[in-house]
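I have placed the structure first, in the form of structure tokens, so that the comments after it can refer back to it.
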Amino acid sequence: MLRIGMLTSGGDCQALNAAMRGVVKTIYNNSKEDVEIFGFLAGYRGLIYSNFRMVTGKDFSGILTKGGTILGSSRTPFKTIEEPDENGLDKVEAMVHTYHKLNLDCLVVLGGNGTHKTANLLRTKGLNIVTLPKTIDNDLWGTDMTFGFQSAVDIATNVIDCIHTTADSHRRVFIVEVMGHKTGWLTLNAGMASGADIILIPEIPYDIKKIVKAIKRRQENGSGFTILAVAEGAISKEDAQLTKKEYKKKVEKRVHPTVSYELAKQIQDETGLEVRVTVPGHMQRGGSPCPYDRVFASRLGSEAGKLILKGEYGFMVGYKNREIVKVPLEEVAGKLKTVDPDATIVKEAKMLGICFGD
Amino acid sequence: MLRIGMLTSGGDCQALNAAMRGVVKTIYNNSKEDVEIFGFLAGYRGLIYSNFRMVTGKDFSGILTKGGTILGSSRTPFKTIEEPDENGLDKVEAMVHTYHKLNLDCLVVLGGNGTHKTANLLRTKGLNIVTLPKTIDNDLWGTDMTFGFQSAVDIATNVIDCIHTTADSHRRVFIVEVMGHKTGWLTLNAGMASGADIILIPEIPYDIKKIVKAIKRRQENGSGFTILAVAEGAISKEDAQLTKKEYKKKVEKRVHPTVSYELAKQIQDETGLEVRVTVPGHMQRGGSPCPYDRVFASRLGSEAGKLILKGEYGFMVGYKNREIVKVPLEEVAGKLKTVDPDATIVKEAKMLGICFGD
Amino acid sequence: MLRIGMLTSGGDCQALNAAMRGVVKTIYNNSKEDVEIFGFLAGYRGLIYSNFRMVTGKDFSGILTKGGTILGSSRTPFKTIEEPDENGLDKVEAMVHTYHKLNLDCLVVLGGNGTHKTANLLRTKGLNIVTLPKTIDNDLWGTDMTFGFQSAVDIATNVIDCIHTTADSHRRVFIVEVMGHKTGWLTLNAGMASGADIILIPEIPYDIKKIVKAIKRRQENGSGFTILAVAEGAISKEDAQLTKKEYKKKVEKRVHPTVSYELAKQIQDETGLEVRVTVPGHMQRGGSPCPYDRVFASRLGSEAGKLILKGEYGFMVGYKNREIVKVPLEEVAGKLKTVDPDATIVKEAKMLGICFGD
Amino acid sequence: MLRIGMLTSGGDCQALNAAMRGVVKTIYNNSKEDVEIFGFLAGYRGLIYSNFRMVTGKDFSGILTKGGTILGSSRTPFKTIEEPDENGLDKVEAMVHTYHKLNLDCLVVLGGNGTHKTANLLRTKGLNIVTLPKTIDNDLWGTDMTFGFQSAVDIATNVIDCIHTTADSHRRVFIVEVMGHKTGWLTLNAGMASGADIILIPEIPYDIKKIVKAIKRRQENGSGFTILAVAEGAISKEDAQLTKKEYKKKVEKRVHPTVSYELAKQIQDETGLEVRVTVPGHMQRGGSPCPYDRVFASRLGSEAGKLILKGEYGFMVGYKNREIVKVPLEEVAGKLKTVDPDATIVKEAKMLGICFGD
């Protein structure tokens, strides 16, 4: 009997169900032993409080194309994993306890950066862990690609496509604020895909003067409108000089909810042009996964299933140079994969005439 | 020789190009005289300052599916039509002057409420006017439907569809703020299409207590998440009691940029649940028109062409009881078509279990 | 106790689930009695053989956006309803028997033309019937619109949109064969929405010479390519003269599977141009319903629920002049709603320059 | 002065315009010399007959998202490149002549397999050539990916998604015939993305008995329906034994137009189940490129521009192990990149339970 736990943790994204379906189908189709799968509900919370339901192949039929996660997710334990919960319960101990109590052979964890930190911690406590790289931010160390990313690129691109027609008709400046946490992968790709004129990402702090100049040059060339794809984590050169603490303080004092609204104000003041802001927000992590992500997540899920069948634990299943690889969890945890400001893709974007404000 | 002026005015929307293509193709294919079409740029502004370009059938080839307007648009003269411009120019006089100077036979105007007010004014000055009902808000008097509306419903619905998966996974409350100006057509339709649990529209002022109650009931039933489709013009029962002036003052003092953020705060305070806001904004008026709008705008455009060929002026081409009709401009101008709180569709929505907060 | 049977019959289409959800939610939310809903599987077949499962509100949660039908469908009894089945069972009797055996208060039937004939027959046998107009063909008598239709228009339009770019690049003639059974609603709307140059529908028999002439004229004008939207039921003027029997015989002898392939051959022979055929087929009845259909089907479903709550039977819930109406079943059964060759929309299409081959 | 020729050849696909825009923008933005770009019309045909138009940055504004190619394409010279045209003109000589007559510095060629053969031939005649890998088939040697491929995957996946709902409702067997020429890349990816049960590709000849067995097993398991994604080049084990000539003869004798219809007949005969065929055909190469292709094609275009600015010729710009690389044309020409039957992705698909009929 093979007893497998499974959970999805952190902000949800597209293709979580596809990935789990991949694991479950692979195991059911190929295991010589009987299989029992415990689906923990709402992320690590389900593991802490032993809240689960038994899932079978049937639960995963027809969900390849479904967004969200049938197990639910939560961000709970990441920020406070070290602290006990409100009743004094040691969370890590509780998770280890659930695992042993249910006599699990292993635990499959789908998540992003925070999730992997906790997964690695559980590994050090002796749990058999296999993880899958889930995030629309594509900022996970150890893999070239995460699932959810391409689906989010598709949505953000579609938003900017829509904005394009109205920007053109009204000769306005438009800012579309794109997700991506502290990295610029999503903004860079959606911006290039939609023909944005200016792309601002956290890895390349911007100089407002350069932005204003680029907008004015477009006005003079008769283009009339300008589209900015701005990462939610975009930062000015000055702010990038601040300490983390100083910056946090500054952000808290901000009148406008996000960097985009601040930028809009600055550009309006400097150019006299009407500036509009669109914040698609959480829709970027919702909806049906794109075909790329469905194939990719299914493949990763299948490989996770293979690892379990072979009893190889302590790995994230990742993607490197077009090969599916297993990456030791201790290498993944706590690191961030950011956009190299000198990367080829950035240079190409610049040659295409895109302004990064640097 | 038939000399036709054409302009698109007000906030742009989908199918403007499709509608103009309909007019132009119909006239070119069916006129016995030679035809010249003057496309005024950036709405009435082009008419005021005699800024135009000659357009032919070729300009309208391949644009049936294109969002925006190839003539550009602006909101300029509406708010200040009575006042002279910054150089002391009487705008109405200037428009009449351009019309006569170019020896036009008629002027085709595509626009919404504000646009129709000005169009009617020009009619009283002796200009031959034919108008087409363009707005995503569907709030134009004299027609059951405006083009742009169904396309905007499609986009707003897609946004809520995406939010649905993430709301479900995280058991959160989500507010999606939908456009529609002072009417609830767009929110009502997108909300019903996407299975929103609560729909708030300007025509049905809401009681925050009813909303909180509905959310709590869903929690108790185990649904866990709640989706609110909130019109940008939604208003509470108390605020609906205020005079226009008092309400305007109150809105100006608002810390949060829109009603959705205020609501989010109130719900969070009352329920303790996480509430997230998504504001798709201008994307709702962008992108390729949906097939419904393409057919509808082409038909209206064709009928406008027919009116011109017959020399019948002073009408908006509208849609009533599945018939295309001509509506005298004086009947359209200055009125608003709102959602009747007792309409059948509202009653049906309520029977389906949708809460309107009343 | 209210005991309701429900079934979906005939070729499936989008928004069947949305419509059933509308019925069920309305009844559960508003019935003062307890409710039991029997979902018969695979259309009338389920009623004949008493094959059903109990469904509740839960079964209809989250299926507003799902294509297909959770009850399954079949075309079984329509063609042979009068004949006994292979075991000598009288089907009509069997259905009446199941109805009484389960002590049903009424039966909700979702279907198209064939389905309504049977539904009316059951009505004459004393069963309480309420029906909903389902078909992508929009050919049901007694209602201006059927659900599924607009979704199919969207898909067929998207197909032609895709073909447009390749037709333009290669200067080819393309035929897209659109569904619609014996009527041209779907082809007419998808053709107009996608800017097809030639539209062929059963209601307007075509003259191949006129088609060839239109294609040649486009070649001369430098357009280079031509797109034909051809209804699966399109027919030539000569064939339209044949008796039904003669025509059937002729079709059976056809080398090419459909009218499109025949047309392609003729056009290629007459013009020397490369002609390609695309047959999207059943994809036109699949996938998620469009927002229009979701709202429309929900509304119809809700009204069907209301009729049941009031105990009014023997009606199809239809849509007439923007009002939801109840249409006596005997008026619906056995009739076809076709495109009037002199309808306004056809005239408009012709003024836009579209060739119908007549 | 930099004088650049450009042409698109072979079957068109998505992102051709995006790629050309990448080349042109990069050169205009970064060249120190003046630039003139000659756009040859309808592929090599334009080069043979010196049929071109001058293109500038403006021609490429707003076409990032547009399908097709603004230069037109044709398949002309590939099959008969060696033979003179109908007037006795030596085509290769004519192309060389045009190149020199216009005093070109280089020629940018966008195309697939056939196109590259000719491009390499022109290289051996002393022309400066840079090529870009365009094909929905992804079968070009020397690059991991071609643009157009992911867009075609998206479309084919969407077709199968639509079919899924109707297959499920009616418990039928559905065959969707996917493009891909002689390789299975497109079918494999679209099949995995859409959850097809059986995937048949040319690289893995099928045994009809295995297919029938898989369908019957699904029936027994209660799944009821089966979806087959079948490559247009799929081949049975027996046919794979034939010589090329024998196979060609056999295909010519086929009653049914494609392998899918043959398969449908066989399956129907063996299982008694209703089998339906859908052939989306050319729509797979049309419509707006997906965001992935837009970024990818822009990047390749930009790198081609860089090569030209540096005067490096004789290369295809390709993609290898996530790096953009230059591949000598002589290595690319005349080779085919096929799916390795033992590739990891195939193994993963099999572990997921997908039947390949082998």
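So that you can tell them apart, the chains are marked A, B, C and D in the order they are listed, and the count of residues begins at 1 in each.
The definition used in the following text is that contacts are C-beta pairs under 8 Å (C-beta built on N, C-alpha and C of every residue); 3 or more make two chains touch, one makes a residue touch a chain.
Computed from a predicted model, the values in this text were never measured in an experiment.
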item: Centre-to-centre distance between chain D and chain A (centres being mean Cα positions), rounded to whole Å; value: 31
item: Rounded Å distance between chain A and chain B, as computed from the means of their C-alpha atoms; value: 35
item: Distance from chain D to chain B - Cα centre to Cα centre, in angstrom; value: 42
item: Numbers and ranges of chain A residues touching at least 2 other chains; value: 161
item: Chain contact graph, described as a line, ring, star, complete graph or other shape; value: ring
item: Each pair of chains that touches, named by its two labels; value: A-B, A-D, B-C, C-D
item: Chain C partner contacts - residues on chain B that touch it in the complex; value: 22, 25-26, 29-30, 62, 64-65, 144, 150, 153-154, 157, 161, 189-190, 192-195, 290-292, 294-295, 298-299, 302-303, 305-306, 321-324, 344-345, 348-349, 351-353
item: Footprint of chain C on chain D - complex, ascending; value: 8, 11-12, 14, 16, 42, 66-69, 72-74, 155, 158-159, 161-166, 168-171, 174, 257, 276-287
